[in-house]
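Chain lettering (A, B, C and D) follows the sequence in which the chains are written, and residue indices restart at 1 in each chain.
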Amino acid sequence: MSRERLLGAVVLLALGLVPLAAHLMGEPFTITLATRAAILALAAVGLNIALGLGGLVSLGHATFFGIGGYAMGILASHVQNYEPMFEWPFLFEGSTSMPFIWLVAVLASALVALLIGLLALRTSGVYFIMITLAFGQMFYFFSISWSAYGGEDGLSIYVRNGFPGLNTLDPIQFFGLSYAVLCIVLLGAHLLARSPFGLALGAARQSPDRVQAVGLDPKRLRLVGFVISGAITGLAGALFADLNRFVSPTMFSWQTSGEIMVFIILGGVGRLFGPVVGAAVFVMLEHWLGDMSEFWHIWLGLLLLAVVLFARGGLVGLIAGREKAHD
Amino acid sequence: MTPILIAEQVLNGLQSGVMLFLMAAGLTLIFGVMGLINLAHGSLYMVGAFAAAATAAVTGSFLLALVAALAAAAAAGALVERLVIRRLYDRDHLDQVLATFALILIFSEGTRWIFGSFPLYLDIPEALSGPVTLPGGIQYPLYRLFIIGMGLVVAALLFWLIARTRLGIRIRAGENDREMIAALGVDIARLYTLVFALGAALAGLAGALVGAIQSVQVGMGEPVLILAFVVIVIGGIGSIEGALVGAILVGLTDTLGGIFLPQIFGLFMDPAAATQTGAALASMAIYVLMAAVLVWKPTGLFGAKS
Amino acid sequence: MLKQLLASVALLACASAASAEVKVGLITTLSGGGAGLGIDTRDGFMLAVEEAGRDDLEVVVEDDQQKPDVAVQIADRMIQSDKVDLLTGIVWSNLAMAVVPSATAQGLFYLSTNAAPAQLAGKGCNPNYFSVSYQNDNLHEAAGAYATSADFKKTFILAPNYPAGKDSLNGFKRFFKGELAGEIYTKLGQTDYAAEIAQIRASGADSVFFFLPGGMGISFLKQYADSGVDLPLVGPAFSFDQNILQAVGDAALGVKNTSQWNKDLENEANAHFVEAYLAKYDRLPSLYSAQGYDTALLMLSAMDKADITDKDAFRAALEEADFASVRGDFEFSASHHPIQDIYVREVIKEGDILTNKIVGTAIEDRGHAYEDECKM
Amino acid sequence: MTDAILETRGLVKSFGALRASDGITLDLRPGEIHAVIGPNGAGKSTMIKQLSGNIAPDEGTVHFLGRDVTGLSTMARARAGLARTFQVSALAMEDTVLQNAVLGALGATSSPYRFFRPALKKAELRDRAMAALERMGLAGHAATVVSELSHGQRRQLEVAVALTLQPRAFLMDEPMAGLGGEGSQQLTGILDRLRAEAPILLIEHDMDAVFALADRISVLVYGRIIATGTVDEIRRSPEVRDAYLGDAE
């Protein structure tokens, strides 16, 4: 096992065990923090497929995070308010079932990723960064003024949605669910990176000419990668909304896009466990630095700067060595 | 809607465009010469505004305030370039985005630490306050005309600087080939610091000019930053002409969209719904414009083919 | 300073562990652009807590960064980890909507120092939720009432395009009897109002009502003053608050605005509050400071009467509102919102400092428009 | 129709005032190595880009295996069996030698839209890739990351990736570029054997290699083919001497 793998396994295990210990010691807030870390990591795992594997620097992944969140908010609010979503062609009251909400979140964000991707992938480099940012801003401003679903105030869901066989209101059970989703998606991302698709997408990042010369279409590879990436981040958005029992346009803001990106770079770009390490560290920093100083953003900024300037390859790279794992 | 009102709104759009140009010119220059995406450009705008407000509070002079804004932003720019930005030129855009994102956090909270959490006061100088009557009977604030004039003068100076001066020649050479100008014996590190400080000074000037009619507060730079990015992307990154055209296009779209969209929707919707829908779409208008331009011309209106 | 404060309060609390302790979570905005309002809220609240000097009270203060998800996270921590009995302090309606419904559903008390959206006043009202400030529409309604009494015939109204903005214009229209010269929703966070001012000029209006909180109001007022349009302005207190006025400058002079409090309100509690606040923090109190102070007084009055572990008794004690409010008379409606007078203020200059003075009463004993929708 | 595998007729491509291709007509026949030589700026790159489909000609056609492929994309031509190597190595530098070869096999044999089974565990891909690597003498380096290969090894890998396509024709853009004498000789031997498998259109500056390998040579000057013929014919051609070899030596 490579050092990187080992480190990843340790971090993932710790992320699983800490809440368990907290549960036994009656520290439910630690569980909430761990859940937050797991869900943000999931969002970053999604972005990492576009960013790390495909080289697509998307500064608009908050779009998908927000769509996932609003999928949850909209479906659940209709049930909560006893206002059916639509009555034709059949009566649909909305939903408070997580699996169904997840499905809608994944499909909706994949569809939007497809549309954005079709337009945005015509550009590259800085232009791609900026056009994804622009799409994010469009959704942000739209959600603020869309009064049917709360506008700037957002939507509050009083009771967390259900999952068959679980009591999701119990922090440890909801953590377990989020953690399981994270593990499954990580496994998927691991397989994806080594699959024919992952190989081709990675090559399209490194040498699009080569990919074309062997008869593969780099644009289509990127588009599919972007859609998968958006769908995963959308799923994370739905979970995040359920964690907070609340959605708001903030989920669409460009700072959210920036933060998801920060998780990846903090952890290590294109590394399987980079997003997990990054999100976990970020959540801990937010928690501790926020306690230490009113001006904690300064310290966060300095730390990020230090990572970018001096720890290329992120924290995972710092600990496990610059070289990435090859299979 | 009278022709006078339309003319006034066009002037407003022009003024907001000229202001955006000051921001965008620095951004696009820095990108063109050094290949750097600087998210912290909005922070330099904020530095300019705060420096101007602080100086005006002490001296009471608007002119000194403008000088202070230029100096403070240029100094902050040069400092940041030496300490941080310099290490980012060889990095990919991703590292640049993150590092300059970190700089925003540091600048914003640092400013709050120094100046406190409440907005500062900066006012229009006596000589420039109040409206004037333009031909056609348009009442228009003198200060806004001053901003338009100031912006156009800076634009002209900038074009002259780049087309005619030694520095401009070096800047243009730097855009094409870093090694070549190094081979010509130009001190490239100094050139870069200079260009970065110049871009920062432009942002600082914009911050000070706008600060007098808006609110000088922490976080004022980010909305403008995003707009400036929209501008340079529409114009084509690295192109000063593109920045000018893009800025005016964005200024006009933003201003006129906000006025006309609700009225257009009012033609076939009830007024309350129309104002809301129109306002919602107007706030998205410039992003739609940007997406449309990029789909049509993937490297912007004046961008070099990649 | 905050840390010391907390430490001393905590120390006092430890000293008498025997008595039943009340633990309060104060969630407010202490960093970023909106920090000024949260700092005032906190300082007002803590002033009352310190003056009370009780050893059975502990206050935990946290910064929500003006982000709803952060506010939710902090609330979760305060409930789950710090085991607070009562939450308070949120400035913004969207943050309140994220925190309040689930907190009250979990049996906690929430005392609002500011945000009081319609949802929580009407259908979503809750026995454990009390708004000490107002209902969000109140100041706008008062502005409408003032505009009517000032005999404005054709008023131009504008607000940002978000829920509070829509509530604002509806609130104004509810009490305004004249005609509207125009109605505009601006972009949230907009900083340039040249286009809107041009429309106002062209509309033939005789007066302007605006609701533009924070930096938006500063920008609007400066630009309006410079535009040469000199129609009378009226708006809710937010753009004329003590901390913002200095940044607006002389552009605000003479503008009428509506508020349920001002520092020159003549009552003993207010005189004491203004003096003590100025002495302690070396600046004049704002509306947010006053609301924070009143909230703490209300809570302390209930603590005198009941043990917080007995929720029904504590709630009954809160409902009595038996405290000396800086607003003078204070009582709660059935939906736990204040019934109070709302005043018209005018911006004046006292020496070099811009401030407000009360020039009249806009509405007397105003409750709110959603009272009937509240079933509890 | 002739029995040519690859054939161009009257290719014209202009960039502004510059006519980079000015009516290029040439063909590539089964079993041959057809070398195209010419001074710098003669339009060799522009020509090969039109053959591979990276740029579209203003006029003229490209036929491959008897089919008009002028309107087809690079990808479609590659799938039809036209394999290309690049003047500057275009390889996935962070991936291993085997991964690069498997990528070629993937393009040739199956869809890349498979998301779960590891690419390197697929027997048909792996076998094909390993076979190509063995032929180029790179089997021992299968697990090496490309960025750690020597320049010569990278040139060999370029050819190996092209081989995995099992192509019907090769387009090789200066495969000898940057190779030393020994490396050059080694590659010459490999190309010599390769022509039996599929004909090679070879653009090359290394005259020793060209004269050693080419069955036919075309000389491109200012976007025109000024002569086509066997090695001896070209050596003797006075026009070629004047236009090209003359000032080259």
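What we mean here is this: a contact is a pair of C-beta atoms (placed from the backbone, for glycine too) under 8 Å apart; a residue touches a chain by one contact, two chains touch by 3 or more.
Each chain and its UniProt protein: B = Branched-chain amino acid ABC transporter permease; D = Amino acid/amide ABC transporter ATP-binding protein 1, HAAT family.
Quantities reported herein were computed from a predicted structural model and do not represent experimental measurements.
S.K.: Following contacts chain by chain, what is the lowest number of steps it takes to reach chain D starting at chain C?
M.R.: Between chain C and chain D, the shortest chain-hopping route counts 2.
S.K.: A-C versus A-D: which has more C-beta pairs touching?
M.R.: A-D
S.K.: Please indicate which chain is farthest from chain A, where distance is taken between mean Cα coordinates of the chains.
M.R.: The chain farthest from chain A, judged by C-alpha centres, is D.
S.K.: Let me have the rounded angstrom distance from the C-alpha centre of chain A over to the C-alpha centre of chain D, please.
M.R.: Chain A and chain D have C-alpha centres separated by 43 Å.
S.K.: Find the geometric centre of each of chain B and chain D from their Cα atoms only, then give the gap between the two centres in Å, rounded to an integer.
M.R.: Inter-chain centre distance comes to 49 Å.
S.K.: Could you state the distance in Å from the CA-based centre of chain B to that of chain C?
M.R.: Taking the mean C-alpha position of each chain, the two centres sit 35 Å apart.
S.K.: Residues of chain D touching 2+ other chains?
M.R.: None at all.
S.K.: Can you tell me which residues of chain B touch two or more of the remaining chains?
M.R.: 108-109, 112, 276, 279-280, 283
S.K.: Considering chain C alone, which of its residues make contact with at least two other chains?
M.R.: Where chain C meets two or more other chains at a single residue, that happens at 31, 161, 166, 185, 187-188.
S.K.: Touch graph of the chains shown: is it line, ring, star, complete or other?
M.R.: other
S.K.: Among all the chains shown, which pairs meet the touch rule set out at the top?
M.R.: Every pair of chains meeting the touch criterion: A-B, A-C, A-D, B-C.
S.K.: Can you tell me which positions in chain A touch chain C when the two form their complex?
M.R.: Those residues of chain A that touch chain C are 27-30, 32-33, 36, 141, 144-145, 147, 150-154, 156, 158-159, 171, 240, 244-246, 248, 250-251, 290, 294-297.
S.K.: Which bits of chain B are touching chain C when the two form their complex?
M.R.: Chain B reaches chain C through residues 1-2, 4-5, 8-9, 12-13, 15-16, 108-109, 112, 117-121, 123-124, 129-131, 139, 141, 143-144, 210, 212-220, 223, 255-256, 258-259, 262, 271-272, 275-276, 279-280, 282-283.
S.K.: Residues of chain B touching chain A in their complex?
M.R.: 31, 37, 84, 87-88, 91, 93-95, 97-99, 101-106, 108-110, 112-113, 226, 229-230, 233, 237, 276, 279-280, 283-284, 287-288, 290-291, 294-295, 298-300, 303, 306
S.K.: Which positions of chain A touch chain D when the two form their complex?
M.R.: Counting only chain A, the residues touching chain D are 188, 191-192, 194-200, 202-203, 206-207, 209-217, 221, 224, 324, 326-327.
S.K.: In the complex of these two chains, what residues of chain C are touching chain B?
M.R.: Going through chain C, the ones touching chain B are 31-33, 35-36, 39, 161, 166, 183-189, 191-192, 194-196, 198-199, 201-202, 214-216, 218-219, 222-223, 226-228, 243-244, 246-251.
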